[in-house]
């Protein structure tokens, strides 16, 4: 495995030159576009890493998989489904047009921005601060990393420039989709997106999802199997923005990407994978990251199809 | 003329039963749905009224014609056209989808909500308060009515429930269409929409537009002919929300409606007409108001086509 | 008037270099992109011409104004309005998306392709051939030109490459909007679009519309005033494709353009104007033609607003 | 297994009362809405059936999985991907709006109507008849059923009423997406959709896909593993129309439905499943069929996530 990972990283490093680091949030534009790293954590707790696996990056949309997991653990899916669909989305991740044109005005799924904002009220916790801590604590538990923190610079940058997300939130407020105080919900959303992680962290989150909620190695249950399966189903159909179909075709594994350049994969029953490569394609996905996962999927026969 | 107006009001009062008073802003829902009134002010300053012409109502979108006039007087149209199109709009007046799907992300015209918000920064005045006063002063001048004021109850209601407009404004902020502080611009927008008027007031505004900027009777110039002509062109093509084409066909006069139930018409070279009838159809236009204008247009041969 | 026309043509000839001759139909691409001509026919029958007023060009979408006139004369507007809206359209003239996204699946108006196809069954005549002849005869009568004919080369070209129009027609057939045989209706549509005219011809058609259905000079009635007014209302709000709002703002006259480079204007109570300039802008309108009309409108104070 | 299937059918038969048999094609409306049947074929060739497994039904959109398989076997995916995306689709299966609004004008995937029509030219065979026979032969081979035939009544009905599909095809012809003769391509499409099958037939097709191209029992290779995996990836993300996300969440297996009431599932490495239940929900999927598959997936732990 180790030599395979080394090899895959070496072979695909050239692809880091083909993308562009996200710049719509100033604080993200400072990421190292040449970085490429990987970590694999299997469901038994074994771990391998290669390349820039210790590089910190912004979790961004990858956190949506954990936010969804928390909501599914804390509220009945029937309640959630009343305001958020669990459907595929052919528009870009920050689309507002589909909120207006769909009959129900519901976000299409919990892994696009609108749905990820609307799901926050379903997380346990009276005050919004508690909801935030609920998610952070689960991330620290799944990653066995108590030093997981929000990057304040990114958080401030998100807050200052997050007008598209504000538009989504106010629109959903106007249609009754979003309950609670808009600015408070957005504040939680911005803070969660600004959490800083490494490939190790997201590989471990992926491994918990892969193991249907059991911690790799110890077997301690931190989430229900059914919640984990729903998260993986959503990752498979909607996890790579509007490139999800092409990724399913080429790679065939449940994965969630973020504009920080990370991709978290969860291979059911097998392993979690964390990849980072901040240079993105036009859909917002890591160019080299997709290549690495596609190679690995083909070598290790990871496709679920 | 007087007996004609009396007759037209009497004949169309039944139509007030066919619509529904706007309820998306709580403060509007208290309007009297049975009311129906009209005032005609010709370009020489003669004035006739019938029915509930003294009933106060919320100016709402009718103010967009004056906001546009101020912007055209205060800034070169080339600058305005860089961020706002002057095009027809087949979507509803508060649509956000067309901001996303159009290539330029520009509001389609200055008479729909998005365009009316985006045009505020073009009005003279350093502070936003000055921009607000600029519009109010022009309204007081055109109406010869110094007691024109914002209705505070409506204004508070707008502010509390104006999340769709907030969504539009933050979306335009995210695309660079809207300059300035979003909440300050929205505050001006909400206050302007909350101005209280009667049919007399809007008939006089219409008469100034009809007279290419000259005050009826006195002939004092308060706006440029070209600005007035652009406002009338926009009223003719976009003034009745997405019922503008049907209204052009049936009635054929430049007009701007508001969800307060008012309709202001400006017949070029002839007269201004103010109508009120708070019961609205599904497009947001006064049911009885449209009937009254259609009858009057046909009797007085007012159609510009 | 004559020297004004000569002057306007001379001053605007440079604009013929700024556009591009339509090439989506091969037979149109052979038009002379340098051509620029104008003819004015007033409601008393006086006529002036300048530039390439005798140049033949393809009538294309200008015929939609006449098709609409025939339908309004031959069928009650209530029947027509059941399948075609009379509304403005912010999409391009050959859009099919709005047929799907609007609730009623109705074409937005009779001057865009979908609406112009769907209106054909409303024209008098049992067989489709009769409907075609009905329109052609009216055109010959209005133009006092019995040699008006279809250009066979253009007609064949339309038929061969008219797949977008076929898609519109079959879509409307599937929703029940279009009655009759699709290929027969399309055949009439293609033939009508392929009629060959000069500026003199369309100026005379415009003059009849301007005169509310009376032949210039003779005063013979060939159409009802109300039908003519509806056509002019539609021309004012929808006649210049999705540039109708901008044209209303800059020029302020009822007009209908075609991708053959012609523009027909009808100034109510005054005159008809025919312009040709085959070099088009991105919306499908004659670049120099718009300039000519804008100049003329300003010099002669033709704006209806 | 047998008693499980009997039980699942018995328990879910009530759901056949909740849907509505497709009626947009007259010949489909005669299907028995009470029918409910299932067949399971495992990759070793063992077969179980329960309920109305011998009931004939129209294959409809299920054939799109086989059409896609043939195209992937016969042409490089790069060529196909030039005109058809492999992306998820949030619109209905017969949407034409997304062809216009997407920048590339490409069908979103090969399992919606537009993509399934556009993929036909990629199937081997000079004449269209040969392309048709290529697909039919593969179906006969995979089902071990030489009596598989087109139902002529359904085929004629499709041809007569298939105007929406004609609109899609002519639109794609106009944008250059569809090569070849439109009416010939449509004829093949209509014939393929009209093939008559039973649950046994589609369970066997599913089993071949499940076995990565090997015939159950014999192990004879009839398709490449990679082509089969792409088909299953597309089925998982796009196979249940715009209910694909919800189905992934609730059931978690690759499946393709048809408006004839059938659903074909392919559980990787395990089995094919064929279900029929002609009463459909508003998305066009069998109401009882989805319940049966969901129950079975949960009992047999079939979810791939």
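In this document, chain identifiers A, B, C and D correspond to the written order of the chains, with residue numbering beginning at 1 in each.
One rule holds for everything that comes next: a residue touches a chain if its C-beta (ideal position, glycine included) is under 8 Å from a C-beta of that chain, and two chains touch if they have at least 3 such contacts.
In this text, all values refer to a predicted model and were calculated from it rather than measured experimentally.
**Student:** How many steps does it take, at the fewest, to get from chain B to chain D if each step moves to a chain that touches the one before?
**Tutor:** Tracing touching chains, the least step count from chain B to chain D comes to 2.
**Student:** Using the contact definition given at the top, which chains are in touch with both chain A and chain D?
**Tutor:** Of all the chains present, none is in contact with both chain A and chain D.
**Student:** For the interfaces B-C and A-B, which has the higher count of C-beta pairs in contact?
**Tutor:** Output for the comparison: B-C.
**Student:** Please compute the angle of the rotation superposing chain A on chain C (C-alpha atoms), rounded to a multiple of 5 degrees.
**Tutor:** 180
**Student:** Same or different: at the chain C/chain D interface, is the fraction of residue numbers used by both copies above or below half?
**Tutor:** Interface between chain C and chain D is built from largely the same residues.
**Student:** So, what's the distance in Å between the C-alpha centres of chain C and chain A?
**Tutor:** Roughly 54 Å separates the two chain centres.
**Student:** Give, as an integer number of Å, the spacing between the C-alpha centres of chain B and chain A.
**Tutor:** Here the centre of chain B sits 46 Å away from the centre of chain A.
**Student:** Roughly how far is chain B from chain C, centre to centre by C-alpha average, rounded to an integer in Å?
**Tutor:** 32
**Student:** Scan chain C for residues touching two or more other chains and write them down.
**Tutor:** 101
**Student:** Per the touch rule above, enumerate the chain pairs that touch, sorted by label.
**Tutor:** Pairs flagged as touching, ordered by label: A-B, A-D, B-C, C-D.
**Student:** Sort out for me which residues of chain A touch chain B in the complex.
**Tutor:** The touching residues are 95-97, 99-101, 163-164, 166-171, 173-174, 182.
**Student:** In the complex formed with chain D, which residues of chain A make contact?
**Tutor:** By the definition above, chain A touches chain D via 85-91, 98, 108-109, 229-230, 232-234, 236-238, 242-246, 248-249, 252, 254, 268, 303-305.
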